[in-house]
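Quick one: structure below, then a few questions.
So that you can tell them apart, the chains are marked A, B, C and D in the order they are listed, and the count of residues begins at 1 in each.
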Amino acid sequence: MYNFKNDYSEGAHPHILQKLIETNLIQQLGYGEDEYGMQAKEILKEKIKNPNTIIHFLSGGTQTNLIVISFLLRVHEAVISAKTGHISANETGAIEATGHKVITVETNDGKLKPTDIEKALQEYALKPHVVKPRMVYISNSTEIGTIYRKSELEELAACCQSNNLLLYLDGARLGHALTAKNNDLTLADIARLTDIFYIGGTKNGALLGEAIVFNKPDLALDFEYVLKQKGAMLAKGRLLAIQFLELFKDDLYFDLAKYANRMAMKIADAVKEKGFSFLTESTTNQIFPILPKAVIEKLAERYLFYVWKEINDDLAAVRLITSWATDENKVDAFITDLKQL
Amino acid sequence: MYNFKNDYSEGAHPHILQKLIETNLIQQLGYGEDEYGMQAKEILKEKIKNPNTIIHFLSGGTQTNLIVISFLLRVHEAVISAKTGHISANETGAIEATGHKVITVETNDGKLKPTDIEKALQEYALKPHVVKPRMVYISNSTEIGTIYRKSELEELAACCQSNNLLLYLDGARLGHALTAKNNDLTLADIARLTDIFYIGGTKNGALLGEAIVFNKPDLALDFEYVLKQKGAMLAKGRLLAIQFLELFKDDLYFDLAKYANRMAMKIADAVKEKGFSFLTESTTNQIFPILPKAVIEKLAERYLFYVWKEINDDLAAVRLITSWATDENKVDAFITDLKQL
Amino acid sequence: MYNFKNDYSEGAHPHILQKLIETNLIQQLGYGEDEYGMQAKEILKEKIKNPNTIIHFLSGGTQTNLIVISFLLRVHEAVISAKTGHISANETGAIEATGHKVITVETNDGKLKPTDIEKALQEYALKPHVVKPRMVYISNSTEIGTIYRKSELEELAACCQSNNLLLYLDGARLGHALTAKNNDLTLADIARLTDIFYIGGTKNGALLGEAIVFNKPDLALDFEYVLKQKGAMLAKGRLLAIQFLELFKDDLYFDLAKYANRMAMKIADAVKEKGFSFLTESTTNQIFPILPKAVIEKLAERYLFYVWKEINDDLAAVRLITSWATDENKVDAFITDLKQL
Amino acid sequence: MYNFKNDYSEGAHPHILQKLIETNLIQQLGYGEDEYGMQAKEILKEKIKNPNTIIHFLSGGTQTNLIVISFLLRVHEAVISAKTGHISANETGAIEATGHKVITVETNDGKLKPTDIEKALQEYALKPHVVKPRMVYISNSTEIGTIYRKSELEELAACCQSNNLLLYLDGARLGHALTAKNNDLTLADIARLTDIFYIGGTKNGALLGEAIVFNKPDLALDFEYVLKQKGAMLAKGRLLAIQFLELFKDDLYFDLAKYANRMAMKIADAVKEKGFSFLTESTTNQIFPILPKAVIEKLAERYLFYVWKEINDDLAAVRLITSWATDENKVDAFITDLKQL
């Protein structure tokens, strides 16, 4: 059985393990004060083209989301998210557990548009009987594989700015977004257009790790307190730092994401050739083909994947995810199997 | 400069790195459902001598403490801790941030006794104008290097039971406690006498990782939800599992702790020989010699350590910590330097 | 300008003020231990036909909701509510501020049905990546004036029981529900079919006050702590107690609600006669006529009310609320004005 | 049995009840938008001598404390309080329940001094491993009857300002403080020297009610949201407004407090005459005589009061509280009884 369920079924890119071994016995300060972290941050600042950003390394996406949001919102403030957004759909109420409402918006493609924001602001206007919207949360790539175009992100950023809303971008799969064939955004664009974003490591070659980037240093003031308070500050911060040092020193991060995307698109092409359609228009490493249930059953004998949504009595959408570690032979085998069904 | 500031200045024991490499590309389920975790839990249950325990792996001590305590207490309930306890002194209000008061007790040796508990219960008796004490938090070894004797833990456990208090033991340095020369407790004793405890990996050879042990399975019901909600569930749970698999499959955990203790005691013996005293009676890998300030200044030229507490105009206590990775040559050099001063 | 905006524009029923005066200088114990509270609770227990209920008096609806819900839910648990439910729509994220997600369900009539619950349970099944539904919140009458029929409440209660969900009924306008012409529920039915409910005083003749009823005494254990902790325990609890003592000693509560309903129905009848329709099928003291905007504008010159929802370019729904204190002459004047438009 | 246990054993001053009756059927806007509130706020602003203050009315002291503190602190910030402070000693962990640590300081007289603050700042300096002190909480009069002198408050205010700490004064018994014989502070001084304070109504003639005063309007921005969110916004806000309107329109507030103080001092003088001492040097309406246990037992046959603290085998301190409603005849009877023992 080969696993297409997610992009964290394997360990880390070998470069990371190699660096862990090389540096293992070199004494370092704890709690994120190690020299590998300093190096990794310098490299990231260059790629982001903003020497003033403040960067911190955390362990996972839910942790990152709950800490950023609870740190930046006051008690009566709320965050707006697509209903498919990770903070709304898959984090066990992590944001609410810190005291904040997540205002959800229905979307077709997992992306928020200025009209969505304006509608939410209207619904939450009856001060003080409703929460005060203060942040917009988006994901790129989204949880359903789509990506933001530069013009879309620019419009959204302008809308946020004119409504005094912080724009926070969840980049759990930012590498996959920025290397998608229809992408026209750069890491520097992301940094310029958002207030805060994070660069996901876990789903793109790291053992663990997400890099929070505060594009406006003022927002990051005192952030270390909250890292510690929420249990996110690793004693051996070097472990997190080394993930990003290795992933970014030679653009490995983008190479790995590009490979994952290519694997997904290879399968997507085969799906299209076979005459099947998709639930969402993904150009990244998560695809959602709509297949006959009989086909799904057969494939499920050899491959692990999620049946995502029933379409009708005969059809269902499945989710297939590829990663930097996906074996191209298995992708080819899957395509062969699909063609024969 | 050699670092005696803490026991997390280096990476992981080589066995762990080796296992990470060996297993790196083997696909595993995410979120703690990997086979290495299953194996590690089986080994731990055997050592604990209780097949019914429920075990979960987390990333760090503060994270573990805040999740266990907020999961088990109801909104009006509080936890009793020594004032030196990590949750009181060093976790940036992590417990309060989850809504719970930490009732603190002054102690000489960092350990709680039944009389401390009873006094706290009396102070918090005026229902409903005060919180309801519901849990007792202890550390073994304590934050000042001391350990619980079996009789002490038995008496405390009995006191907790008769007062309907949960007993939770923070084992960030449990290995060092259980291998101290004056220890008479076993891992199975700890499991028998507490309701919940955790086995610290980070400070004893792991890259990261603490293993929570619920000795009463009922207490663990639904715990996975809270792991996810608080951002503690790593996508690649295999990373945590492998730390404990390697540390416990051959008693490596105890060997490493014993070594760390031996290094500390070697320094302690030299301190005593030199005629200096100690702030606390530590038998584990943290020692607190009281030294002339002139001596401290000299040592500080070659070694990193914390000046812990001023004693008087001439003397101060310092904290020296050793670990599984401490270089015995550096220990010897330190002793030589100390003797010459 | 006469105010039909809400049912709390006036003070209290004169009996309550009279009793406040009569008892003013009689010394009483504080914090809810006064004798008026004892008396009021006895009367309520009789009407509820359950001597074992535990009753507490609070100041307002949002306070009551947030305290009950945060007291009864564990950190990973959530409450299901209609989207129109007060906790979802009008309490400034009060429930989320205590750490709990409100799972919302779209409804036509503001009422939850077993199918709504089952659908929510399916959506929140992927343990541990989503919260655990543990409570169902309903209002009777609802925020849009509708009421539960006995059979409906029985079915909902059975559904909750079989799914291990607590059923909590917000009775901010319970009097109006139980005296509506199409009602077939009694206070004792409410107590039998729910786990917890509250009897609203503020909107039915009290200066302030809601009476929480725990139908299962075990659920109420330690509740006093949380009353105090959340700032809901009045030093002069007698103030709250006297509201309920006066409202319930002679069924004044039901008489006042019946009057309010009658005033609303009088207007509703005139609306119907005039050929206009309604947004919701209310039989209680809140009605939502759909009127031509020109008519609304004219009425707004003499009466205060909310324009609730735009229907189309010509029509909008307004909300008119009556109360125990509504002046029937003003109701008649309103009807006359409406007829002439 | 006559009750000296507290200052909330009776209802309200008759003027308040009278005003409630007079205004009962006049329609008003809800949620604090009523005209009585506007009037009361104008009167208070004049007495405070600051037309820019923002004032809100709440129901009780714990509610006020928890809302002010949780509104003004960020998640990693903490409040410093005397150990005897109400938020530390008597509010069931209300502050911690909002996520914030209360840093406590031992005092002899219940008052905080600059040296206390500086010591606390030193103890909480190890960023980010400890919380960040951001507010100082004091009470005037204190929980043990003492009051701040103008010079003391000035020094404390200066210390707070130079350390970027907000100064918040709990005035549950502010009337008693400002009318004590050794007082040299005015309401305007309090407003000038603190950032936020509240004027307690409940313990000085109101049915309920505390008036929060934000001396710096910026601090109050958005405060209404939190009032609603925490369940503190009464639908019939007129009830709270009328308390303050009546208490302040003719200095009734100060007259009532002065009377309460005079009653307490009358007893205190008798205690002194009899040769007994006091636990604290109170000049307000709470006194703590140290009496022989035999005397206490005898008095307890006719009077209700708290035995506050055991002094030794023979002696204990009791707490006696008087109020605006205390019957001078009963005070005289108590004195007579005391003299005869």
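Here is the rule we go by: contacts are C-beta pairs under 8 Å (C-beta built on N, C-alpha and C of every residue); 3 or more make two chains touch, one makes a residue touch a chain.
Bear in mind the structure is a predicted one, so any value in this text is a computation, not a measurement.
Visitor: Name, by label, each chain that touches both members of the pair subunit B and subunit C.
Guide: Touches both subunit B and subunit C: A, D.
Visitor: Tell me which has more C-beta contacts between its two chains, A-C or A-B.
Guide: A-B
Visitor: Using the average of all C-alpha atoms in each chain as its centre, how far is it in Å between subunit A and subunit B?
Guide: It comes to 34 Å between the two C-alpha centres.
Visitor: Quick one: subunit A and subunit D, Cα centre-to-centre, how many Å?
Guide: Comparing mean C-alpha positions, subunit D is 50 Å from subunit A.
Visitor: Indicate the whole-number Å distance between the mean C-alpha point of subunit A and the mean C-alpha point of subunit C.
Guide: Result: the chain centres lie 42 Å from each other.
Visitor: What parts of subunit D, by residue number, touch at least two of the other chains?
Guide: As it turns out, subunit D has residues touching two or more other chains at 75-76, 91-93, 97-99, 128-129, 131, 225-226, 228-229, 233.
Visitor: Can you check the complex and tell me which residues of subunit B touch subunit A?
Guide: 2-3, 5-6, 8-12, 14, 17, 20-21, 23-30, 59-67, 91-94, 97, 202-203, 207-208, 225-226, 228-236, 238-239, 325
Visitor: Hey, which residues of subunit B end up touching subunit C in the complex?
Guide: Within the complex, subunit B touches subunit C at residues 70-71, 74-76, 98-99, 127-129, 131-132, 222, 224-229, 233.
Visitor: Under the definition above, what is the set of subunit C residues touching subunit A in their complex?
Guide: 75-76, 78, 89-93, 96-101, 126, 128-131
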